[in-house]
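Two complexes, one shared chain (chain A), two partners (chain B, chain C).
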Partner chain A sequence: MKRISIFNILNVSFLVLISATFLFPLFRMLMTSFSNPDQLGFKSVYLLPVGFSMQAYSYLLSNPMVLRYYFNSVLYAGLSSLCMVLVTSTMAYPLMIPGFRGKRLISFMLVFTIYFGGGLISTYIITGIILHLKDTIWPMVLLGTLSPITVIIFRTFFKGIPQSLTEAAQIDGGGHFWILFRIILPLSTPLLATFVLFRAVGSWNDYFTPMIYVSSDSLYPIQILLRRLVVLMQITDLRYQTLLLQYTKLTPRTVQAAAIIITITPIMCVYPFLQKYFTKGMLIGAVKT
Partner chain B sequence: MGSQKKRISFALYFKRNVALYVMLLPGLVMLFLFHYLPIYGIVTAFQNYVPGKGITGSDWVALKHFIVFFHSPYLGRILGNTIMLGIYGILTFPAPIIFALMINEVKSVLAKRIFQSISYVPYFLSTVIIIGLMKDILNTDYGLLAQIYRLFGVTPVNLFALPEWFRPLYTLSAVWQFVGYGSIIYLAVISTINPELYEAAIIDGAGRFQQIFWITVPCIMPTIIIMFIFSMGGIFSGGDLQKILLMYSPLTYETADVIPTYIFRQGIEGGNFSYSNAVGLLLSTLSCILVLSTNKLVKMSGNDTLW
Partner chain C sequence: MKEMYRNIRKLLLMAMCIVTLVGLTACTTTPAPTATPATGATIAPTEVAPEATQPGSLIPYTGEQVVYKGFTMDFLVNTSAGNEDKPIVQAYRQMCGNVRIDWDSLPLDDFQQKIKIYFSSGEMPDIVITNNATNLLSQYSSSDIFLDLNQYKDYMPSVQLLAQQLPYIDFFTVNEENERYSLPMIQNTDFVGYGFIANKTVLNQYGIDIPTTVDEFYEALVQVKQADPSIVPFQVLDYSQMSISFKYMFGCSSSTYYDQTAEQWIFQPTMNENYKNSLEFMAKCYEAGLFDPEIATMSQDQGQAKLAAGNWAFTWHYYSSPETSWWKNDPSAMPDLEPMLAPSYDGNSYALMIGSYNTQPWFAYFVSAKVENPELMASLLDFSYSQEVVDLRTWGIEDMTYTVSSDGKKTFVEAIENGTITMRDEYGSFTDGVFGPGVAYGSSDVSYILYPFFREGTTFICNAIRGGQARIFLSDYPQPKFTEEQASEISRITSDLNTYTNENDMKFVTGRLSFSQWDDFIAGYSGIGDINGLLEIYNSAQQFPAVTPSIPDPSLFYGE
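Then we have the complex of A and B:
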């Protein structure tokens, strides 16, 4: 029979308390979102909704612009993950071929950008103005797709794949593209899963890139809507006055809370996967770098 | 991989392995467009860049913007805030370590996993959501903090509007967000500690705290040192621009305005591209030097035993 020491009791109690602080703010939002706006007023929400109503959700989900923003977020997350996988693996593969001519030059060009970059304004000038990518989907999809560190991690991983497999493919007449796409990538699923998840989540959570590059409403992702509702509403901003009037009729609190909930729902749905690959991924990255 | 022994000519190698070079094309194009072109774009810091005229068409003013910046009345403020924010950040350094130690002392594997799982949740929330949650808790009418204020008979105050609260709010929310994520690396190293060390210590009569101080901590000390050096490299970074932008307002500029936010307001909002680019160049040069030095320091600290 184990002796339950005071140390253990205190430690676990603190951990329970800390865990509660991690979860409670979100839980509170969940409860607020299901509250009845008429009864809610300015009351504080604790463990249960104040009254019950799905009004906030029906308002949000029946609004075509909201659905459009949601679709945009999905689009950007999906496209940027796809681009990331393609560009990173096609860069990493040649670099792991023994004796590849140009390996040193390319590696240097990659690593250099880790230490020195153009900076926010310069990138904005080039991407937005000179390349005319302002107000298109491309900044969200392409910026940040090529990360030198990720290329290095991919390369190291590819190197670890037994040469016997690639040699067998070569004997069967397979060229480099075949080897990459038919042999190496299928074998790299954990690696790909990790980085796709990271990239997708990063894209989903990003409000800044769309904010500075996009001005058309139809291109905005859902984080921009969230920012308007949740952050800007607390500060008077004349541009959003019309939005304010629309929403205040339904008590902004429930709509704000519901918006937060629908934004994190996809993240929470993939959370078990995120966790699994997250811990592995962090360690791979740390060890290999 | 030594120097290229020209056993076959490059042209021949290229012909035989065209696929490899074709493969590199997308990546190289991206690298060029989004990494190297912006580096070229830095020249606008030495011009009076006007979008209409393009980079080649705008006039050159050499160091004018830098001089203006050094005479700017805001220089002291934003520099001070940037450094202060960096210092506050360094102060939070022990948090993931302590958290990792606490988790490690939990005996039940299931409980450990549950606590860890929960601790990662804040990491995956977007900055907007985190600010939203903060505003909900701190709201003067229905926020949790307001209820506590009222319990003590004090009128609730909107902390977001108070400059002296910016750094604590920013830093505490950062701890909330990253303590779970930050503890992973320490937990990983802790898991490599030989259990026999603990068994020997228990036989010698060591209590829980003693085990932690004399076994666990020394074993992760190399990791701690390296992580600390890395975090020093970030002092001048000026924090998370996206988060500060959502948190600050003209009311709190005196503590919240840091170099990146100043650059943002001048450049993206104000359209002073050249000027803000110049300031940005100063910042990235400083950061670059700092990061390179801290990386060197880490290498020098002899970290074979690290991972």
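Then we have the complex of A and C:
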């Protein structure tokens, strides 16, 4: 019979407590979303909903634009991840090739941008005005695609792949694209999974970029809807209170809670499938011998 | 075999890439203009609409459909389902003809970020309604991104008339070169919807009278505390609301304010003794446990929940909140509330005026200098200031939402009068236009004032002001007219001053700082910002004309 030590008991108890602390707000939000708004009022929700009602979800999901916002969020997350992988890997690969001319210059330019940037207005002028990408999907897909630090991490990982493989591929007549897409990338699954997830989650949670660059309702992601529902009622300045209370109805807490739940659910569903890559992913970028 | 398999895979991959690219191109292609083209583009810039050769309003517009892009805060836009089809909105569209503004909106904080980007980058939608209008005007008027509306004043007869009636419009919007880069959203009535509220259910239980002076107020709070420690004697939404309510009770604020006696601007924390007196009073109440124990840290949501619980004796809030928020879903749970005057200090009971009709505009329209067909935009904007539109916004449609008696008096239909339906929800509302005149005490949606307690509260305060029992205290005294440099300097100085003031405000009230350190606190300002320099700018700038209140007479609107 396996011996259970006191340390194990305390350890597990502590971890359960910590997990509960993190999970409880989410659980409470879930219970609030299923509460009856007429009974809920300003009461607090703990372990069970106050009354029971699916009204909040039916209200949200009856809005035809909700599905459109969802689709947009998925599109931006998927496209931006794909672009990130393509652009970053094609940028990192030549930097790992010995004897590649211009490697130092490109590396310097990459590192330079870590310290110095144009700022929000410059980015907006270039992206929105000069390149005419305002009110399109491209700011959400392309902005942030190439991160210098990600390139450096990719390069470091690629360097860790045995050179004998790439040399063998070259002997067999493989070109650089063949080597990158048929040898390097398939061997970089933990790396790609980790950064695809980071990028997808970042894109999913991003409300600022669409807020700045998009005016059309049909291009908004789900985060904009969430922001509208949740942030609207947090106005404290008296000057706005007069207009606020004249022109709006209070969004029920249940609708706000339901909006939060439907926004985070897809990403939470994706995490378990990529969990196994995290352990390997955590060591990515570590110094390789 | 392997080779064939490899080739098939390559072909499939290429096909997928081509399909994806084609699909993306389709997704991102801007639809070709249809019956409702964007941004007023139906008339080529070199072509002039036939009506444009004749000065005067172009509304109702009979040319081809023109749609302008607008941007504003989302609480100014009615996005409820079916609003566009409702009678008042339909009536407004008919009045305008073939021109309209499609409003894009964002929550306030996001709006403020995006509008700065628009203005800083020089690209903005055709028209925006923004807050903090006078400061934005100071900052960006020289950047040539706004349309000079005075160039089109021949198309704006209503605005010209209104500017004669309300001199402050020109004061704040016309510069020394006689250029007008904005038009204010006019709050055509003084707003007095905030005030102290007494919970008579609690007070009657312990035989406590509604206090009239600050000292009586303190005694009443103590009596409540002694009678039942579980009741919060004074409950508010959060600390900042408490701070505001007590400061105006003492006739002061936390920043610059115009001393009408001395006829000069002063910095209240250092130059008005009442500022210290208000903090001392708050500290005394805090120490005695007369406030919510979590007042310093609680969120607004928590504050709302506590107010809705009704376990308090006095509060200070918007008069409509009990009926539209706290007991909205269960009106029978609402205790017996009574509006009360602010406890008087030094013989003065102050009524906080959040929005005075003839003072500094907070919200304003700005039109892009690149707008197509500016004459039509000017006409549309002007039309929103016309009496026709004001009446439509305020009263609705004759014989549908209101009736007119033989002596010309308007009366809302019974269902609106008794609050069975809300005009905005039932009949719709539109964004363009100004607030209605005094019927609603600052609310252009009559439905709100017809909530019994809101009506009682606002009537009470209006009558108290008109009868001389209460004095007006403006939430923000109208600012002088500053140049761009002055506005920039003020912004630089006041940012740090306000932070220092607000941080120490709470420390004194909660006892973390003793009042024996008051002199040190005052001395600390010299290291924070140049108050003398700030006041010099204020006192040397072009001053706003004297503020004259326009308190509505309740009897004009519902016979009281």
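For the reader, a short list of remarks on this structure follows.
Assume the second predicted complex is superposed on the first by the 230 of 289 C-alpha atoms of A that agree within 3 Å, B and C clash if a C-alpha of one lies under 4 Å from a C-alpha of the other, contacts with A are read in each partner's own complex, and residues count from 1 in each chain.
By definition in this document, contacts are C-beta pairs under 8 Å (C-beta built on N, C-alpha and C of every residue); 3 or more make two chains touch, one makes a residue touch a chain.
The model shown is predicted, which means the values in this text are computed figures rather than measured ones.
Of the two partner chains, both chain B and chain C are touched by A:I125.
By the touch criterion defined above, A:M96 lies against neither chain B nor chain C after alignment on the C-alpha atoms of chain A. Partner contacting the larger number of chain A residues, of chain B and chain C: B.
Touch criterion met: A:F177 reaches chain B, while chain C stays clear of it. When the two structures are aligned on the shared chain, A:W138 is found in touch with chain C, with no touch to chain B. By the touch criterion defined above, A:V66 lies against neither chain B nor chain C after alignment on the C-alpha atoms of chain A. Contact with chain B, but none with chain C, is seen for A:L86 once the two complexes are overlaid on the shared chain. When the shared chain is aligned, no partner comes close enough to touch A:L187: not chain B, not chain C. Contact with neither chain B nor chain C is seen for A:M31 once the two complexes are overlaid on the shared chain. Once the two complexes are overlaid on the shared chain, A:I161 sits clear of chain B and of chain C alike. In the superposition on chain A, chain A positions 42-44, 120-121, 124-125, 129, 207, 212, 227, 231, 234-235 are in contact with chain B in one complex as well as with chain C in the other.
The residues of chain C lying in touch with chain A in their complex are 24, 27-28, 30, 69, 71, 74-76, 78, 104, 106-110, 113-114, 117, 120-121, 123, 125, 131, 187, 191, 193-194, 238, 240, 244, 300-301, 304-305, 308-309, 318, 320-321, 324-326, 328-330, 354-355, 362-363, 424-425, 429, 442-445, 448, 475-476. Residue ranges of chain B in contact with chain A, taken from their complex: 1, 4, 10, 13-14, 17, 19-21, 23-24, 26-28, 30-31, 33-42, 44-45, 49, 51, 54-55, 99, 102-103, 105-107, 111, 114-115, 117-122, 124-129, 131-133, 135-137, 141-144, 146-147, 160, 176, 180-181, 184-185, 188, 208-209, 241-242, 245-246, 249, 260, 263-264, 267-268, 273, 276-277, 280-281, 283-284, 288, 291-292, 307. Only residues 2, 5, 7-8, 11-12, 14-15, 18-19, 21-23, 25-26, 28-29, 32, 42-45, 86-88, 90-91, 93-94, 97-104, 106, 109-110, 113, 115-127, 129-131, 142-143, 145-146, 151, 175-177, 180, 201, 204-208, 212, 223, 226-227, 230-231, 234-235, 253, 256-257, 260, 263-264, 267, 271, 274-275, 278-279, 282-283, 286-287 of chain A touch chain B when the two sit together in their complex. By the touch criterion stated above, chain A contacts chain C in their complex at residues 37-39, 41-44, 75, 79, 120-121, 124-125, 128-129, 134-138, 207, 211-212, 215, 217, 227-228, 231-232, 234-236, 238-250.
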